[in-house]
Structures are given as C-alpha cells and as structure tokens.
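Given below, in the form of structure tokens, are the structures.
Next come two complexes, and both contain chain A; in the first it sits with chain B, in the second with chain C.
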Partner chain A sequence: MSARIVHIAANTFREAVRDRVLYNLIAFALLLSGAAIFIGQISIEIERLVVVNLGLTAVSLFGVVIAIFIGIGLVSKEIEKRTLYTVLSRPVRRWEFIVGKFFGLAGTLVVNTFFMAIGVFAALLYVAHKFASPDAFILVALYFIILEFLILCSLALLFSSFSSPLLAAVFTFSLFIIGSFADDLRGFAAMTHGITRWIATGASYLVPNFSTLNVISAVAHQQAVGGQLILQNTFYALFYTAMALSGAVLIFERRNLK
Partner chain B sequence: MAAIEILGLEKTYMVGFWRKRPKRALQPLHLTVEEGEIFGFLGPNGAGKTTTLKMLMGLVFPTAGGARILGREWTDPDVKAQIGFLPEQPYFYDYLTAHELLEYYAQLSGVPGKDRKRRVDEVLARVGLTDIKGVQLRKFSKGMLQRAGIAQAILHDPKLVFFDEPMSGLDPLGRREVRDLMEQLKQEGKTVFFSTHILSDAEALCDRVAIIHRGELRGVGAVEDLTSSVQGKVEVIWQGTQVPAAMKALGADCHVSGDRVRAVIPDTQQDAAIDALRRERLRLIAITPLRTSLEAYFVEKLQHSQTTAGTTA
Partner chain C sequence: MTPRRRTQLIATTCLILSMGASVLLLHRVDEIRPRAVLEDVLYISSPKMVKRTSLGFDGLMACIYWTRTVQYFGHRHYERARTYNELAPLLEITTALDPHMIPAYQFGASFLAPAPPNGAGEPVRAIELMKYGIQNNPDNWHLYYDLGFVYYTELKDYKRAAEVFEQGSKVPNAHPFLKLLAAQMAEHANDYETARMLWTATYESSTESNIRQNAIEHLRSIRVDEEVTRLQQAVSRFEQQNGRLPTSLWELAAAEHLRGIPVDPDGNPYILSFDGQVQVSKPEDFPFITKGIPPDYKPSGPPKFHSKS
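Up next, the complex of A and B:
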C-alpha cells in the first residue's frame, strides 16, 4: 500500500479520536453494564441470550451511526473547508485520498468495535460467570459486523463524493435499512411476476445484503456459524466495498473542487 | 527552461439550476513564466486568478488547453513534489498543531523520514511559529494561519511556489516578512508565482507581471518596462515655498508641500527649469523622469477593457 494512503488513513483516525468519536464507548459501557446488572437481577436462564443479543446489536448500531455520520463528511467536509487543496496540490492521487480516508474510518470502527467487544465479553462473564465454547461464535458475529461497517463506510464515501452531507446521510441510511431487509426483498421478488419481479430481483441484488451479515440472533442462541458462510460473507463484503469505493474514486477523479 | 508554460488554458462553468448556461471564467490563456523569477498575476476580485491557479494545481479541470510545469505535463502527479501551493484564505485541519500539520504534509510530499523533523523545525522557525508549534490550529489567528500556510507551501523545498493572495490577512509587519521571504526564495533560485490585487506588493517584488481581467489576459511584461513607458515628463523638486514665474511659464504643474515644491514639466523643458531655479538661487533637491506607476498601468488596462467591452456590447 502506498505510504501516502497510510498517512491519510492515520490522519483520518487521528481526526476521529480528537473529535471525541470514541467517547461513544462511554455511552456503550454505561448501557451495557447497566443492562447486565439489570438483566442479572430479573431474568432466569436467559441472561446469556439477552446480553449477547443486546450487546452485539448495540455494537452494530453504534458503529453504523459512526460509519454514516463520519463517512458522509469525509470528502464533502474537506471540499467545503478547502483542506483538500493543500493535500491534492501535493503528489497525492485522488484515488489515494479516497482509499486513505476509507481505511482511516474503517480503522476507527475496528478499534471502536474492539473495545466494545471487550465490553460485551465482560458483561457476558458478569451474568454467566464463565465462558462456554459456543461463545467463540460471538467473534464471528463481531467480524460480520465489521464487514457491515466496511460496506457502509464505502457507501457513505460514495455518496459523499458527489452529494451534500445531508443527502449522503439519507442515501446511506436508506440503503442500510433496505439492505437489512435484503432477504425479505428477495422473498418478495420470488412471489411477484413480470416486470415487478425483474425490478424487485434487480434491486434485491443491487442493495447491500446486510441480513446475511447479521448472525446476532443465531450466536445468542449458541448456534454455530458455518465456515462457508464466513467465506461467502467475506468475499461478498469485500467485493461490494471495492465496487462502492471504485464508484467513489471514479466520481471524485472527475470532480471540480470549486 | 520555462518554469510554467500555460498553453491556452480555459474554463467555462455551467451556471443556473434548471436552465444551465455557460459562464466563461477564463478565456484561453497563454503565459510563460521563466525559472527563477517572481511573477505577479494581477487582477481585480473575480478576474480569474484563483481559477487559473486551481487548474494548475489540478483542483479544477480546464474546459480546454493545457500547461507544462518545470518541463513536464501539469497533470503528472510527480511534478507536484517540486511545487508548493498556498491557497487563498487557507484553512487547515484545526485539530492538529502546527507541528503535526507540517509533519503530515511532509509525509504526503515524500520528505524522507530522517529529514522530516529537521525540515519541519526549520520552516516553523522561518515563518516565526516555533513558539506556538504545539498549539492546535483552531486557536490560531488569521495571520498565524497564513504563516502556517506559507510554511506548508515551502516545507518540501519546492522549485516553484504558487501563492494565492499571500498578503491576505497579514498586518504590515507580516506583509513585510512575506515580501522578504519571497525575495529569499528568489535568491535561492526558486520561481515564485503569486496572485494579488495589492499592486504595491507586486511593484516592489515582481520581475514580471501579467494583468488579467474578466478572465482575459490584458497585459504582460517586466515591471520596469510597464512603468517606464512614460510620458515625456520629469519631476523637479526644490527647497522653499516659492514658485518662480519662469517655472510657471514653462507650463509646470506645481504643488507646495511643507518646505518643498514639486513641479512636473515636459522633459524638453528640463534645462530651462534648472536655469530658472539657479537664477532665483533656489536649492534643487531632485530631478527625476516621471514613470507610470504599476497602479496607473493596471487602471489603464482595466478601463481599456471595460471600454472595449462596452463598445462590443
């Protein structure tokens, strides 16, 4: 990887840290510790299920909010504030800027998720008093959540490369919602006929399939996640991210910075 | 070798929301800047100076035309390692300190790791920011930000430096320091291309200037040539408050200021004027050919273009 990409990514990470993005961890810690204590007192036998469900869902939602709200400003804020002028007047290719920004935000989310994961395991230990072997699949669920973040970061960057932050937020959030029901959309497509079927099928394959990346419920029920699904989801998320990033680069390469 | 060759660069924007219409920001521009000179790019606000600079930096794409910078295509990203750029009213990552900002830009410019710290410290000292290098830029005044901007432009020891309105936001002392810095850069053999609408700065600094108005090049040349093309008049200054009748007879336009009189006469009357002062036993202080100021040349070019535009319309 080009050294310039690493420097841009590191600076993006530093910006997120200094803008107190990681402060969300405090809210997360409070939420989870409060929930663990509360659940420990009121539930019998299902503490583990509730804590894993709640913990992983919170990890996902906190990350989604960060991915969208930082991602949408990554390019447009730099154009609006004109900080980009002194970057692109150096031997920095435009694609390096986009890719660097992506890795910076992705890195922020990975670090954020890492600390949240510690919180989830700590809460689990608090309510269940010990770890069981199926708990290892929580790591797989966390890995899928990170894959989800990668797709969202790339989509936010794609929309940020040609539209205002507000529109980019609307587009990205809409795709997140639709993508979370991608399996239902495919089911609906299968039930329809004619042109509706074509459109619904096309849309269901075009939007990111976040439902396949969501194994929170299965993991909470201590079900195993197959190796094939891990491989398939990894390939799918990386492919989708690469496509969205390529789109962002193609648009940004042609954009006039007024 | 020319430092910059602008080959018919032009820019037309599409404006309007529903019915887009073309608006030409820059007419085809042809301009050459030689290596080692300080070149002033002059024009009123909205003349097309910043658009030209942005195109040369690759921030805005031209509608047509091209350019060569330091002998290479201006689109070649590697040529940017040899150039520095200070945008107009620069704004930087305000969560960084001045030191961190320059460190980051040094990384992006490819300054080797072993030289980076030394280079950053040198440049901070050169622009007078050493004492506040650990302060976040969000706490900087406009003048301090301008200094940080100049620092980032010269950080990587570029051969060619573009400054867009470098004196903007600076107090008189700061302006003087920037002028000194630009002269130092020239002495170091660097080429300086700067845009300004402050003509006194251009007149004091530039080897050559170009004047642009409404996106069109109106004049280009050495400052000396542009300001020497006058008028066939000389300025005579003598001590006292008395204006001899013989001077008036020569058609002198006289002004008394304090204990001095300043008269402007045709240069053919120069000897007669000296004789008249001698006869009256007045002390001659100076006699100098009257030159057009750059400001006068600038205003003339602008008025000419407005008249032409009016006639055409």
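Up next, the complex of A and C:
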C-alpha cells in the first residue's frame, strides 16, 4: 500500500475520532451491562442468549450506522470544505484518495468493533462465570460483522462519489435492507417464470447478501461455523468490496470537480 | 457573580425543577388515566412477518418475544386470570424466530398445559409446541420428557406418554429415568408414585430455581393428596365398623392405632368436618392439591411458594 493511502487513511481515522464517533462505545457499554444485569430478573434462562444476541446485534447496527453516516460524507465533505482540492493538488491520485478514505473508515470500524467485542466477552463472563470453547465462534460472528462493514463502507463511498450525502445515505441504507432480505429475493426469483425470473435472480446476486454474513443466532446457541463458510464469505466480501470500490474509483476519476 | 455564572445557575435550577415537575405530572396523569391493557395486544401475530421484519436479527427478536411471554404469563398468573389468549401466539412467534431456544419449549409447555389459574389450559397447543421443539432439536431429551409429562399430567394419556418417554430414552446422553418412566407409564398402576417420580425427576434434572420450586410445590401437594386419600379411607373403615362417623381425628387416630393426629407437611393438623370429610387447614399453602380442599375455599392472591419441602 502506498504511503499516500496510509496517510489519507490515518487522517480519516483521526477525523472520525475527533468527530466523537467512538462515543457510541459508551452507549454500547450501558446497553450491554444493563442487559446483563437486568434480563435475568425479567426473563427465564436466556441471560447468555441475550448477551450474545444483543451484543452482536448492537455491534452490527452501531457499525452499520457509523459506516453509512461517516461513509456518505467522506467525499462530499471534502468537496464542501474545499480540502479535496488541497489534497489533489499534491501528488495524490484520485483512486488513492478513495482507497485511503475506505481504509480509514474501515480502520475506525475495526477499532470500534474491537472495543465492543471486549464488552461482549466481559458481559458473557459476567452472566456465564466462565468461557466455553464454543464461545470462540463469537469471534467468527464478529469477523463476519467486520466483513459486512467493509461492504457497507465501499457502498457508502460508491454512492457518495456521485450523489449528495442525503441520497447516498438513502441508497446505502436501502441496499442494507435489501441485502438483509437477499435470501427472500432468491426465493421469490425461484417462484417466478420467464423474464421476471431472470431479473429477480440477477438482482438477488447483484445486491450484497448480508444474510449469509449473519451467524449471530447460531453462535448464540454455541453452534459451530464451518471453515468453508468462513473462507467463502471472506472471498465474497472482499470481491464485493473490490467491486464497489472500483465503481467508486471509476466514477470519481471521471467526476468534474471544477 | 458574573452574568455567565448567573445564567448557568438559573438554567441548572430550571432544568432540575422542570425535570421533577414533569415526572410528578406524569405520575398524576397515570393515576387518572385508565390503564392500557397492553398484555392482550399482539400487533403482529404472524411469526413469519415478525421474522421478516427482524432484518436477520431474529435471535435478539426471539429473546425479546420470550421475555414478553414470561412477563405476560407472570402478570396474568399473578392476577389469577382465567384466560391467556396471547400466550400461545407469543410462544409460536418466539420459537419461529429461534427454533433452538429450549427454555421457550420447556417453560412454554408448563405455561400452556395446566388448567387455569395455574396455566392457560391448552394442553393440545402445548403438545404442538413440544412436537415442533423436538422436530427442531431431536437430540434434546428434555423435550421428550416434557412432552411425555404433558401427556401424563394433563391428558392422562399413558400410552402416548410411555411412547414419548421411550423415544426420549433412545436419544444420546438421555437421562436413565426416561426408561423407568416409560415402564411406569405402561403400568400406570400407582398414580401418586408415578407423579412423585416425575416431579422428583423434574427437580433433579433442572438447575432453574423456578422449576425446582414448582416441583417442590407439586411434591408437597402430592403428599397431601396421598395422606388425605389414606385418611378418608380410614374414615370409611371406621364408619363401616362402628356404624357412625368418627367425632374427631383423635378418635380416628386411636381406632387406627396412629401415633398421633395426622399433620400436613407444614405440621398443621388435618381437619375432620362434621360430614366426615378430611380437609387441610391451610389450603393456600398447597396450591396444587386436588384432595382435602374445604368446599367454601376460594384461592386469592398469587400462589405461595416454599423453598423447602
């Protein structure tokens, strides 16, 4: 990775921290500690399930919100503040700017997820008093959540490279919702015939399939996640991210910034 | 005091006063407003729809619905309600969202099956729930045990109960008592003994305090039922031999060569009514008894539970 990309990524991370993005960790900690302490009093025998389900769902949703709302402003904010011209007047290529921004945001989310993961395991230890070996699969679920963030960051960058922040937010969030229903979309395609089937099948493969990256329920029940799934999900997320980033670079390269 | 400091002080005072006033007012409004009957409202009753709208976070939704189910049942049970209309739909949604949530089947069946006010009085739906649980968790012997339990206690269907216990005994790592229960069901000669065995097994196989407490209450009630039956037989015997009813339990004890006045598990003596019926003196302490209940007794308030038998 070139030094310029690293610099842009580091600046993006610094900016996110300065924007108090990591403050969400406080809300997360309160949510999880509250759940760990109180759920045992209002429910029966699901303390561990709640901590894992709530913890991982919160990690995912907090990250999705950060990915979308920071991602959509990464390009437009630089144009609005006119800092983009300063950056591009230096020996920085446009694609390096986009890729650097992507890594900066991804890094922010990884750091955020790391602290949240500590919170999840601490809460789990509080309710279960000890760790069991299947709890290691929670790490796999967290890894899949990070893969989900990579896809969302790249999509947010793609949309922010050609549209306003509001529209980019709408597009990215819509794709997040549609991607969560990707399996249903495939089921719908199987039920139709002719041209509709082709269109529905095409759409179901084009939208990101977030449901395949969601193993929260399985790991909450201490079920194993197969090595093949981990490997293939990794490649799927990396290829999808590369696809969306390439689109962002292509659009941004052709964009008239005058 | 600087103007800035003064503004800060006024704003802080205003904030605290407003907050206190709003809390007080809301409290007053709650008192005059009729209470909303939220427990009888299920906005989305379709399990499929709830699953779809959970955006893949169905595990968390299942936890939320299960907590709602527990709260709904607990609230209705506390009020000694006779109807539990939303209980079965809530359990269906919970288990559709997370088919591997074992507590929802185990507790769900014990909420659904018993007759009101101890449960919803829907043993058939409890059986459907347990069958769905077994279908999704075929290696969990507890579910077979609970299903057989419903067949035995609520439907008195010994044949089905024996079949289910037998199936459960073949599951890997199944508790050995399932085999015994299957055999006991096939005979169903001594109902008190079988019931005692079932509740003892429930007590020993669970780590959940509510289940263990419930098992203790049932075991205490079985003991009372058994003793009242035995004493009632003694009263009949006395009547046949003497041509009249015993005037007191002292007289009965002397005739039967008992060591003293028969007492319930709490040490309270049983009562002999003028028409020769043996009754418990504190029926409220034995929520599951079927014998010895005074005819004018009406349970009030939540059922009492004891920590030891």
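The rule is simple: the second predicted complex is superposed on the first by the 255 of 258 C-alpha atoms of A that agree within 3 Å, B and C clash if a C-alpha of one lies under 4 Å from a C-alpha of the other, contacts with A are read in each partner's own complex, and residues count from 1 in each chain.
Throughout what follows, a residue touches a chain if its C-beta (ideal position, glycine included) is under 8 Å from a C-beta of that chain, and two chains touch if they have at least 3 such contacts.
None of the values given here were measured: they were computed from a predicted structure.
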item: Partners on chain A (chain B, chain C) - clash or fit; value: fit
item: Touched partner set for A:Ser43, first chain B, second chain C, both or neither; value: second
item: Touched partner set for A:Val92, first chain B, second chain C, both or neither; value: first
item: Touching partner for A:Asn256 - first (chain B), second (chain C), both, neither; value: first
item: First (chain B), second (chain C), both or neither touched by A:Ile216; value: second
item: Partner chain in contact with A:Glu15 - chain B first, chain C second, else both or neither; value: first
item: Touching partner for A:Thr201 - first (chain B), second (chain C), both, neither; value: neither
item: Vertex chain A; arms to chain B and chain C (CA centroids, nearest 10 degrees); value: 150
item: Which of chain B and chain C A:Asn24 touches, first, second, both or neither; value: neither
item: Which superposed partner A:Arg82 touches (first chain B, second chain C, both, neither); value: first
item: Partner chain(s) touched by A:Ser246 [first = chain B, second = chain C, both, neither]; value: neither
item: After fitting on chain A: smallest Cα gap, chain B-chain C, Å; value: 21
item: Chain C-contacting residues of chain A that also contact chain B; value: none
item: List of chain B residues in touch with chain A within their complex; value: 54, 57-61, 77-78, 80-81, 83-85, 87, 89-93, 95-96, 104-105, 107-110, 149, 152, 156, 162
item: Residues of chain A touching chain C in the complex; value: 39, 42-46, 49-50, 52-54, 57, 60-61, 177, 180-181, 184, 210-211, 214, 216-217, 220-221, 223
item: Complex contacts: residues of chain A adjacent to chain B; value: 3-4, 7-8, 11, 14-15, 18-19, 81-93, 254, 256-258
item: Sites on chain C touched by chain A in the complex; value: 52, 55-60, 62-63, 66-67, 70-71, 98, 100-101, 103, 107, 208, 210
